[in-house]
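Structure incoming, see below.
Chain lettering (A, B, C and D) follows the sequence in which the chains are written, and residue indices restart at 1 in each chain.
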Amino acid sequence: MSNEPPPGGVLRRGLSTGRLEALSDGVYAIAITLLVLDIAVPPHAGDHLLRSLAHQWPSYLAYVVSFSTIGAIWLGHNAITEYLERTDAAFVRLNLLLLLVVSFLPFPTRLLAGYISYDSSERVAVTFYGISLLLASTLLMVLWRYAVRAHLVRPDAADEEIQLLTERLTPGLAGYLVLIISGLFLPILAVIGYLAIALYYIIPFRRLSAGFLPRRRKAR
Amino acid sequence: MSNEPPPGGVLRRGLSTGRLEALSDGVYAIAITLLVLDIAVPPHAGDHLLRSLAHQWPSYLAYVVSFSTIGAIWLGHNAITEYLERTDAAFVRLNLLLLLVVSFLPFPTRLLAGYISYDSSERVAVTFYGISLLLASTLLMVLWRYAVRAHLVRPDAADEEIQLLTERLTPGLAGYLVLIISGLFLPILAVIGYLAIALYYIIPFRRLSAGFLPRRRKAR
Amino acid sequence: MSNEPPPGGVLRRGLSTGRLEALSDGVYAIAITLLVLDIAVPPHAGDHLLRSLAHQWPSYLAYVVSFSTIGAIWLGHNAITEYLERTDAAFVRLNLLLLLVVSFLPFPTRLLAGYISYDSSERVAVTFYGISLLLASTLLMVLWRYAVRAHLVRPDAADEEIQLLTERLTPGLAGYLVLIISGLFLPILAVIGYLAIALYYIIPFRRLSAGFLPRRRKAR
Amino acid sequence: MSNEPPPGGVLRRGLSTGRLEALSDGVYAIAITLLVLDIAVPPHAGDHLLRSLAHQWPSYLAYVVSFSTIGAIWLGHNAITEYLERTDAAFVRLNLLLLLVVSFLPFPTRLLAGYISYDSSERVAVTFYGISLLLASTLLMVLWRYAVRAHLVRPDAADEEIQLLTERLTPGLAGYLVLIISGLFLPILAVIGYLAIALYYIIPFRRLSAGFLPRRRKAR
């Protein structure tokens, strides 16, 4: 069966969803894990290692915020590919664009960690960081909207489900815009806000799936 | 068959076990491989390269302990996903939390390698390291207990097997607690202890599976 | 069925296309993500962070060009494996050679980013960069031509499709040669040209697949 | 069918060959790609960039030798998993040990690149490098011999094939021993020898498979 060509074309698996997911998961995993390289071991701390470690709180904060955000984007990406029946070339290209931004995120993270306590530079670093997050979220939403519009979504997906996922992916954008602007005045608040958005993105997917997943009989 | 929606919902593969495993394996592989970046080539060693290399023993020790620990966590994670029938959104989120700690481990490893021979700082580094390992182990156990409680485990898994895996994942926690405290007095001993726990974790899984795996007829 | 040996040999999956794709996707994902490590956080920028960031434009340009090129090579590689029925040992070895060049690309990228504004060195860096890209493209084409010649391609693939893919993979080579030479006189122009080739590679694959993909009935 | 438990045990896929391969491929891909980080961009080369780049030949040599060796180990590992019917816990643990050495290789590579032109240190670096390669090869052979002894190999694999793969994996060990010793007198020669072994490993697998792969009718 799997050796028979699909009618009308030769490509066995459409445009290789498998490799698109493999490349994407690789990029997410690496971007997430590279973040730790930006936490520096305090050099020559002598007797003050504990204090030096505590003094590095911006690095830990940046690590957690970026990890959560990339995790949230991965969850969203995951939800999108769950609904896909096939991909097309434009989808693959948009996905590459999303990966470009995701694999770029370690840089603004490092910038944030390095300049969060430096008065005027802090504003630049936080804004740069926020714009990067906004870009990633926007591309994720564009990816989903494109998939819906190009009829890449599985035909048995109910319209309400598609609508629900669209709604879940949208509010972050407004949130990022508000935080980017408020970050010009209260940088640290904006960072907390970015963490809040990531956690918000992470949490609703539970409810999303809770409504969709078949209630299997509990065998034990 | 694979194109038919499961009854009661649209998600083909539950919440994508495939991508959860792909992301996790990616993070484990990268965390394990990044450890080597922390072993520095001695600069300008001149004629004393051998001595300089020998002098770096804390780096090698930290490499082996962290590699073994991440390997042990991977084995445990592997055993858990073997028993899973499906995942749910909370499981995926807990898994992200575990990955956050796993991908963080290269940092305490570097800290340990850098400060293990510096009297007072040594204690801080070893304690920081121990707490990170404790956190990872705790999250692994929480992940498994959640899977059991949320009925994500395959219905044909015998209760004794589930019980056995739970028991295997538990004792490390007490071990880490004891070692963290004794590490305040004898740091190097604690590090040896962490290695012992990792090896303990790695070894029992053999016995675990030895009892479970079907004894196939040996064809050769 | 899957436990039965294929007639005439024992290897279940031919020479493991799965692992060849897994290794390749891993290398692509890592090469793409390592690029960001080469964008340095400006040290001690004080009040001039924004200016320092803007001053780093060669790093961003190099990042985008290399990301696009690796993305384009990945798309081409993807198209090739789509048409493969099986691999053989020479194909696997050629693929390793391609991966050697792909995983090398972060180095010329760093070189480019570091020397693009330094008069005479700029020429060396841009030429070195161009030759690396040319090498990668050449190997991709060799890989495909070998696959066709060694009858690794699926027998149901139409000759026109194979011809079309061959044509798509070829023009870049001439483009790289022209740009490498013109880069000796106008380095920055060559870099823009490399980006153009990458985008050219990325875009035609849409048309390529548009013609091939079965027009499924649009269910929604 | 795939939802039915195998008789006599609950573990669906034996001890998860899929995740063992995924982790391994991840480690190989990352180890291979990290090598490039050790090629430094010459700082402040001014007008002498070309000369500075040429002066870095030890880095390129080390890159190619290590890449080829890891590639050869990956091919061997690949051949082993091709013949596996299932894994057991000891196999998984041995595999982790092999991965420990593979992911360690970037360190001796860096050492080699850094000290190959420094008289007395060169000997230390080359010997350290050789021992690491020897260790990796030994573990690969141990892995295979264990798989054969523990009856993990597919029952339909002919004895001659198993014998042949054993023979292919063995000679490298003697080669490494000879080269490690001769490297004490002629370091650079030993490095060339290591490259030769890697290429030897890579090439015979073609013949190996040429004999085994079913001769399919050539459809085009």
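Convention: a contact is a pair of C-beta atoms (placed from the backbone, for glycine too) under 8 Å apart; a residue touches a chain by one contact, two chains touch by 3 or more.
Nothing here was measured: the structure is a model prediction, and the numbers come from that model.
Q: Same residues or different residues where chain A meets chain C? The copies count as same if more than half of the interface numbers are shared.
A: different
Q: From chain B, which chain is the farthest off, judged by mean CA positions?
A: So the chain farthest away from chain B turns out to be C.
Q: Based only on mean CA positions, could you tell me how far chain A sits from chain D in angstrom?
A: 34
Q: Taking each chain's centre as the mean of its CA atoms, how far is chain C from chain D in angstrom?
A: Computed value for the inter-centroid distance: 24 Å.
Q: Give the residues of chain D that touch two or more other chains, as numbers and ranges in rising order.
A: Residues 22, 25-26, 29-30, 34, 37 of chain D each touch two or more of the other chains.
Q: Where on chain C is chain A touching in the complex?
A: 21-22, 25-26, 28-30, 32-37, 39, 41, 45-47, 49-50, 53, 63-64, 67, 71, 74-75, 78, 81-83, 154, 156-158, 161, 202-203, 205-210, 212-216, 218-220
Q: In their shared complex, at which residues does chain B touch chain A?
A: That would be residues 5-16, 18-19, 22-23, 25-27, 29-31, 34, 37, 86, 88-90, 92-93, 96, 99-100, 103-107, 110-111, 114-115, 118, 120-121, 124-125, 128, 151, 153, 155, 159 of chain B.
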